[in-house]
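Shared between the two complexes below is subunit A, which pairs with subunit B and subunit C, respectively.
After this line comes the complex of A and B, so read on.
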């Protein structure tokens, strides 16, 4: 009896928390449908246009698509940056798949030369903030002649050790027995990897890729440092460049930038949870 | 003959990591080694100054401030995040209604672009923003939160908001892996909820704790993006972190100091990992 009431209470508290947490998204969506005039009414105080405090309605009083039209039909920069982001993110994920998946498998299930040590180095490298290697990255890329090309952003990220870390844990949890029986049946390394490792480890791979997508879609420091040409910039740098004057545009840009992240996130959510779960549990 | 076979097998095994290792070496490892080299040289990298740079940075006000702030930030936000997310995970695991939907809701902030989040914080924490308005309503003074020492807490808040869902999922995964039989046996022996938590749940969550801690640590560095977008190169004192310092040194080409500081940071991170690994004996 007491338990039931407690559970109900808990549910309400957690629900409230969930709503609070999602509030910012709702805020953005509502704002994106507002015209500049209405935005000035509510956000005037923040924009320095009126006194008092900012307020916000539940729904816009005068909903309009104007900002959307302006962004999607009238701003070529937006589109250029959008496709830049798609290209950059896509190539990063591809690179991580090609290099990272075999590496994670190797570390997890095979006897790599000095595997333990190398993997530990991977973990350390994974934790280094960008600023630590920023300079040398710059010089290396300059030397190779990749400076101011998008490859300067793509290649270092494609070889990130983070996905290897995530996928490693998932591959570890694949029972050795399956692999051993495959070996007994005469399967070679490659076959085991392709026909057992990848299928069984697919949640880990997908979850790593979802996380990588979210990361790549939001890259800021690297493009800012390595790309001088604004036409090569990804979408993640579009928003910071909008000043508060153009608030309407900022809202719409936020929502539009958010959508691909959200879609990927929704699609991969199940895998994401499974993948995260694998790294959390001791085998 | 057998010796040769073992070598060949290992060669084939190692082949799996070669592409990754190659890329990592070129784009991550070698730049890092170069940084180590530069930490012993002067700014133009034309002559060796040995340990001079290291001595300099430890006397540098900016470095000490940044170090203090970064450590303070991590020391505060990581435990809060881990504890809070664990609490919620335990509740969700206890069979609250709609746990799956709630989980998804908590994960939403992860999908929001950094710049959008910053936009929201700007409006929320502006002098005339929502928070100030709220304070005004309940009779308190509003202020320009972003430019005071409160900005530190805004960052903490932003960090927790963003990473809560992810950590909840991690904890729940660890929790569901604990066999129910353990709890049943304990209850049969008369243990109450609290005792169950302390003596069964927590010990079994240690491996999860390792992973969550590492990832929380990794994500705490990313807070720099929010900080930079909010306040630029020279934010309020309480928010000035290592990355700000590196960024500024990079811009003014103080490469010698930057390299030394980078090496120190890297060593600290390495030490942390080794300690974590040892303490939780994740030797597998």
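After this line comes the complex of A and C, so read on.
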């Protein structure tokens, strides 16, 4: 009984926290249905148009789809950036599948000379933030002539170490007995990887890909640094300066940008939880 | 679902797959929707974006096409006149029509002409008769005057002759008395002493000879004066007849001048002087002879006897009486001559009616004056009549020629008919029935221009005239541009049209193409926009955006240096390949995105050819 009460209390606390965390999204959705005039009233103090404190209603007073129409029907540049984001994100994930999955399998199950040491060095790279490797990335990309191309964003991300780290733990959790049985049955290394490793580690692969998707979808520094040509910019750079004139548009753009992340999150929700848990497993 | 159930909710592991599948389905659906919206937004953008055509600025001269309508008039007109009071049957003349010499203008009623001719001939005959009558009357008056003159001269001559005879008689009586006295005296001297009588006779004879010489000298002087007077009269007569044989009247001053001239001629002066000297000598000699006789007589006075003396004295007294009679006769003669002259003058004056002053010593000149006056009167009246006759003759001649031409009035010279003042059925008057411009003296075009156009034109500029009959003449020059007298804001333009230009009409359009200096930046007028008095253009600039390289327009204020109906020269700093918006599908604003429809290469090429 006591345990039951504690559980309910915990639920309420968590619910409040969840609502608190969801508030920005709620604000986004409410704001996307407001007109410019209404936004001026609420955002005026924030943007220095009027004095006092900003306030925010739960529902718009004069709801309108004007901003949606303007963005979705009258802003071709938004779609250019949307598809740029799809392209960049898709290629990053494809690259990670082609390079990261075998790498994680290798580190986890193959007997590599000083494999443990190599993995540790590899993981250290993951710990470095983008700002640290930006200069070396820039010099390298410039030397091989990839500057101001989307490959400058795609290739470094495709070979990112973070998904390898996540998938490594999943592959490690596959019992060696299964691999040995397969070997006894005459399976080759590639067969073991394709028919045993990938199916058994699929949850890890999916969770890594979901995390990579969210990461790639929200890239800001890399495209801003390596892409001078605006036509190649991803959606994350849409409307970098929010003013009163485009505030409504910014809300709608944010909502639309949110939708793929949300759907991908829903699709990989279970795997993501496992992935996050896996990355926290203590060896 | 109750809250309790919700709080006890646990994720059902078996249902995971359904959420994941739905999420993936939604994601795919979302991407499809986004793809469709991409297409729709592109299409909408393509529809809504402002499409513009652009052109580049060129260096060229701005030409001003100036055009105005006006009238053509001749520098000199010729009036077409005809015989008055004749009905017009047809009118072939029309204003603005070009005619050649001899072209038919009007046709007049031939019956009217015949009737007019008949009347004119009658008038002419009557005038001729009047003049003949006048001439006859003048001749008669002249004859009677001549007769009166003749009689006056006869009377004058008779009076003079009579006076001369009386004078002669007195002179003869004096001579005979003197001779008797001298004879008696000589006879006595002979009887008293022969020695002395010879001396006395000689002295007496000498005195007689001297007296005779004095008389001769005096008569010679008289004759000379008569001769001079005769010359004077001849000269006056000659002077009063001019080269055409017509007599004219000489004034008194002119006559006196002739007289002075002849009298003072060297020849006559010398003769008169010689005659005067002769008389003077003769008088001196006669005086000395008389003195000698008197002296002789006084010396021999003692010799005389009382009877002889008384006889001699009686003879001498007789002689002296006769001499005084002679002197009286001379006076009488002079007075008679004077009287006769006056009578003659009066007679001639009354005959002619001339009241003018005449010289006292010239009766002949009076008669000449009278004759001249008579002639003048008749000549002046004859002149008036002659003019009248000539005009009537001319009228008849014109009618005859018109009748011969069957009443057709033709153009007297080639040119443009500028005015027709008669219509069919009208009756002609003394005024001109039509006016034809004199083609030889040329024409002039007159038009009016606004100040804004006129400022580009000046005297001597080349223009083209398009006449209303379709003829176009190039290369004509403006002869004058001046402020209109009626309106200070307009200008009158005059263009001379030389006579060599054929087939012109009354109305014409003047066209002038005046080019300015070359400007560096000239754009079609479509590129230029105005906001009140401020002008601006839209230039196209490229900018990179998410959609790639996009064209945007920039609103640039410019100053217009010059412009015509097609181009404007603008002042501003632009690149040589700067593109200017020529047309747009929507109203443009600064920084608007635009799509360039097509390059204006052909337009640019045209600009190039338009350059000078």
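Worth pointing out:
The definition used in the following text is that the second predicted complex is superposed on the first by the 266 of 283 C-alpha atoms of A that agree within 3 Å, B and C clash if a C-alpha of one lies under 4 Å from a C-alpha of the other, contacts with A are read in each partner's own complex, and residues count from 1 in each chain.
Here, a contact is a pair of C-beta atoms (placed from the backbone, for glycine too) under 8 Å apart; a residue touches a chain by one contact, two chains touch by 3 or more.
What you are looking at is a predicted structure, and each value in this text was computed from that prediction instead of being measured.
When both complexes are overlaid on chain A, the residue A:110 reaches subunit B alone and has no touch with subunit C. Set against each other, subunit B and subunit C differ in how many residues of subunit A they touch, and the higher count belongs to B. Once the two complexes are overlaid on the shared chain, A:82 sits against subunit C while remaining clear of subunit B. Once the two complexes are laid over each other on the shared chain, residue contacts for A:269 go to subunit B and to subunit C alike. In the superposition on chain A, A:124 makes contact with subunit B only, while subunit C stays out of contact range. Once the two complexes are laid over each other on the shared chain, residue contacts for A:72 go to subunit C alone; subunit B is not touched.
With both structures placed on the common chain, the touch criterion links A:161 to subunit B but leaves subunit C unconnected. In the superposition on chain A, contact of A:11 is made with both subunit B and subunit C.
Of the two partner chains, subunit C is the only one touched by A:233; subunit B is not. In the superposition on chain A, the residues of subunit A contacting both subunit B and subunit C are 7, 11, 264-265, 269. For subunit A in complex with subunit C, the residues that touch the partner chain are 7-8, 11, 72-83, 86, 229-231, 233, 259-260, 263-270.
Residues 9-17, 19-21, 23-24, 26-32, 34-35, 38, 88, 91-92, 94-98, 101-120, 122-123, 126, 128-130, 132-133, 136, 142, 161, 164-166, 169-174, 176-177, 207-208, 211-212, 214, 217-218, 221, 224-225, 228-229, 242-243, 246-247, 250, 255, 258-259, 262, 265-266, 269-270, 273, 277, 282, 284 of subunit B are the ones that touch subunit A when the two sit in their complex. Interface of subunit C with subunit A (complex): residues 7, 16, 19-20, 22-24, 26-27, 30-31, 34, 37-38, 40-42, 44-45, 48, 544-548. Of all residues in subunit A, those touching subunit B in their complex are 7, 10-11, 14-15, 17-19, 21-22, 24-25, 27-28, 43, 45-46, 51-56, 95, 98-100, 102-103, 105-107, 110-113, 115, 118, 120-137, 139-140, 155-156, 158-162, 164, 169, 172, 189, 193, 214, 217-218, 220-221, 236, 238-240, 244, 250-251, 254-255, 257-258, 261-262, 264-265, 269, 272-273, 276-283.
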